[in-house]
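The same chain A turns up in both complexes below, where it pairs with chain B and then with chain C.
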Partner chain A sequence: MSIDTGDRTEAPARAESRQWTARMRHAAESAFPPDQLLPDRQPAYMASWIYVFGVLTVVSLAWVIITGCVLAIMGPSWWHVSSTGHFVNSLHLWSVEAFFFFMVIHLWGKFFMAAWRGNRRLTWASGVICFLVSVGAAFTGYLSQQNFDSQWISTQAKDGINSTGAGAVFNVLNFGQMLMWHIVLLPIVVALIAGMHVLLVRRHGIVPPFAEGDDDAEAAVATGAVPAEEPA
Partner chain B sequence: MFLGALLGALINLNGSGRYIHWGFIQISVANFVVIVLMVVVFVLAILLPFPKRKRGGQ
Partner chain C sequence: MSPDTKKPRRFTPDRDVKPWKGAYVPYDILKEAFVAFLAVAVLIILLAVVFSSPDEPAVTLKTWSVVNPVDFAQTAITELDGTSGTASYGPPYNSTPDASQHMGFFEPDQWFGVHQPIDTAQDFVIGPLRTLPNQPVTQAALNLYQSASSGQQTAWTTAYEKAVANATDVNGRLKVPAGRYGPVGAMIGSLTGMAQTGGLDGTLLSEGQFYNTNYTKPLLFLADGSYLANLGAAQHLSGDQWGMMNETGNYPGQAWLWLYTMWYQVSPMNQSTNADLEVWVIMMVLSVGLIFLPFIPILRSIPRWTRVYKLIWRRHYRELAGT
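Take a look at the complex of A and B:
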C-alpha cells in the first residue's frame, strides 16, 4: 500500500510514463495539442468561401445520422405512412443530397489546391476513401427504402455486383443484409474516416495557396526537400 | 402549400423522368441540373469576396 504524500517528484512521473494509458495520453497530446485541435485563429488565406464546404459536408453528415437514427427508432410503417414520417424521410434524403453536393465541391476545391502538398497525403487519401464509402452507404440506402424503387434498383444492381464476383458475399437482393450494411457497417466506417479526416486537417493545418511564381518552392515542399510551412 | 404548388407549376414531377441524349452520353435532367448547380456554386465560391471581420479601431 502506498501513501500519497502529495510530493510529485520525478520518480512517480517515470513510473507513470510506462503505463499504456500514459503513453497514449502523451501521444495524443503531442499529436493534437489543444490549441491546434480547437484553434481560435486561422491563416489569412482561409478567408474564402471555398474553405466552407468541408464543414458544410460535416454538418450535412450530422443531419444524415440524426435523421437516420429517428427513422431507425420509428420504423418503416411510420416513415411510409405518417406525414411526420414522410417529412423525416425527406430530411434524410435531402441531407444526403446536401452531403454529396458539398463534398463534391469540397473535393474540387481541394483538388485544384493540390491539397496533398506539405505532407497532407493521408488527409487527401482519407477524404477519397470517405467519399467512396459514402457512395456505398448511399446505394445501400436506395435498397433500404422498402418500396418499388428499391426493388427495381436491387434487381438492376444484382447483375453488376455478380459480374464482379462480390455477389457471393454481398447480395443486393438480401434486404436484411443491405439494411444492416446501410444502418450499421457503412455509417460506422464513414463516421470513423470522417473523424480521422478532420483530425488530420487539425494536425497538418489547411493547405496554403500556391505562391505566385513559386512553382519550384511548392515542388520542393511536395517532394519533402524542404519542410512544409506550418499554419499559423 | 403555396410553395409546393408554385414549384409543381414550374416542374412537372409526375410521370417518368426526362433524359438528355448527346451521342453516347445519357443523363437525367435532374442529375444534369445538380451538376450545373455544383459548378455554379463552385465558381461563385471562388469569385465572391469573403466577409471580413471588423476589428475595433483598425
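Take a look at the complex of A and C:
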C-alpha cells in the first residue's frame, strides 16, 4: 500500500525511476562514464606494439564493411564484368585478409597477457566468439563469389556441414541463401559482438601486467578481481 | 552469510589482478583509430593494386561434357543406376541406409533427416530428358526404360556401365562400345548432347520459376564426376593438399582454417569414413574450450608459465627493476 506524503515534487522523480528509458540511461551512464568510454589517458604499461593490433582489427573490419557495401550496392555479378568492380572486390579480399591477420595476432597477444584476468572473462569470450563468427562470415563470402572457387569450396564443405546435421537448414550449395547469410545475418552478428567487445574493453580497461610475485600464488591474498583503471 | 562476514576470495594470479597504482600517460584514442584507418586503407589499396584478386571462371555441365564427354557419361550412368556419390549420400539429400557419418551412436544428420530431397535418376537424368522437345527416339527410350522391371533396368545400366568404361571421345562426341544396354545408351547419349548444348545447366537450376538462386543440383552433379575434382587438385585445393586454406592461383586463402584442415591430414581422420564429423567435433570442442579458457585450470596458467608477457610489458618490468 502506498502512502501519500503530500510532497508532490517527489512524484516525477519516482515516476522517472520506474521508467525503462530512465533506468537504461542511468545504467549506461554508470557503466560507461564519458571519460571511460573515450579516455584521454591510459596506464603507462600500455607501451607495446601489441596493443596496436586491436585497433587495426577494428579498422580492418570497418574497411571490410565499407568495401562490402560498395559490392552490395552494385550487385553480386558486378565485380565479374567490371574492372572497377574487380578492384573493389580486391579491396574487399585484402581487407578481410588484413582483418584476420590482425585479429589472430591480437588474440595471441591477449592470450599471452592472460587478458581475461580481473573480471575480463566476458571480454575474452566475446573476442573469441567474434573470431569464430567472422570465420563463418568469411566462409559464406567465399561461397558467394560465383566462380570456380565457390563451386569447389561449396562442394567440399558440404560434407562437413552435412555431417553435423546443419546441412538441413544451412545449404552451402544454395548461392542465394549463402549470399543472404554473408551480407545480412553474419555481418550483423559480427558487428554486434565486435561492438560489445569494444565496450567491454572500455568498461574494464586493459589488463594490468602480472605483478612481481604472481608466480607465487600461495603468498598473495586479495579481495578479488579489481578493475585496472583506477583514478591516478 | 552477510557481506561483512564474507571471507575474501583467495587471490589467483591467472584470474585476478592487483589494482594499477602506477602512472597514466596521455592517449588519444580517436586519433589512433583515425591513423589506423588510413594506414589500413593504404595497405589494402597497395595489396589490391599489386596483387588484385583471383576470379577463376566457374565450370559448367556444358564445359565438362564438351571437354570430357566420357567422364560425363560415366558419371551420368551412376546417377541413373543410383551408385553416384549423391545417390548414395544419405541425409540431407536422401535416406540411403548406413550412409550417415557417425561416432558411435552420435549420428546428428539422422536427427534432421532429408531436407533437400534428390532422386538422382529422376532429377539428373530422366526429368531433364523429359523436357527435350522433338526427340521421339529419346522419349521412346525413356518410355521403354521406365516401363521395364527394376531387374531389367539394373541389367541395362550394369551393361552400359561396363561399356562406357571403354568409351572414347571422338572429336567431342561420345563413342560407347556396343552392348546389351537397351535404351540406356540412347538416354545417356541424349543427356550428353543436352549437356553439350548448355541445356542441362538451365534445366538442373530450374525450380519451376523464372528467378533461381539454388545451385544444389548442378553442383552435386558436377561434384560426382572426376572433372571438377581434377581441376581442384590442379589448383592444389584437394583435402590432402591442405586445400581448405588454399586459394586458386597463388593467393592466400582462408589461412585461418589451418587447424581445421590439419585434422584431415592426421591419423585416424585421414583414413576414416567419418572424418568430417570427427573433425567437426574436435573443432567444436576446441572452440568451446577457447571461449571458456579463463575457467580451465592449467590452460589458463600457460601465459604466466611461458612468461611471454615479460616481452610484451618489457618496458614496464624494466622500469620496475630500475626503481
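To be clear about the criterion, the second predicted complex is superposed on the first by the 203 of 232 C-alpha atoms of A that agree within 3 Å, B and C clash if a C-alpha of one lies under 4 Å from a C-alpha of the other, contacts with A are read in each partner's own complex, and residues count from 1 in each chain.
Please note the rule applied: contacts are C-beta pairs under 8 Å (C-beta built on N, C-alpha and C of every residue); 3 or more make two chains touch, one makes a residue touch a chain.
Source: prediction; values computed, not measured.
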Worksheet item: Just chain B (first), just chain C (second), both, or neither: which does A:R117 touch?
Response: second
Worksheet item: Taking the superposition as given, does A:A47 touch the first partner, chain B, the second, chain C, both, or neither?
Response: both
Practice prompt. Between chain B and chain C, pick out the one touching the greater number of residues of chain A.
Written response: C
Item to complete: State whether A:I105 touches chain B only (first), chain C only (second), both chains, or neither.
Response: first
Discussion item. Just to be sure I read the superposition right, which of the two partners does A:G136 touch: chain B = first, chain C = second, or both, or neither?
Written reply: neither
Worksheet item: Just which bits of chain A does chain B share with chain C as contact spots?
Response: 47-48, 50, 52, 97, 104, 109
Response to the item:
Seen from chain C, its contact residues with chain A in the complex are 8-30, 32-33, 36-37, 39-41, 43-45, 47-48, 51-59, 89, 91-92, 100-101, 108-113, 115-116, 213-216, 219-220, 222-223, 228, 231-232, 235, 237, 239, 243-244, 247-248, 251-252, 254-257, 274, 276-277, 279-280, 287, 290-295, 300, 302-304, 306, 308-309, 312-317, 319-320
Worksheet item: In their complex, what parts of chain B are in touch with chain A?
Response: 34, 37-38, 41-42, 44-46, 48, 50, 52
Worksheet, complete the sentence: Listed in rising order, chain A residues that touch chain C in their complex are 38-48, 50, 52, 55-56, 58-60, 62-63, 79-80, 86-87, 89-95, 97-98, 100, 104, 109, 111-114, 116-118, 121, 124-125, 128-129, 132, 135, 138-139, 142, 145-152, 154-156, 159-160, 162-165, 167-169, 171, 173-177, 179, 207-212, 214-215, 217, 220-230, 232
Fill in: Residue ranges of chain A in contact with chain B within the complex
47-50, 52-53, 97, 101, 104-105, 108-109
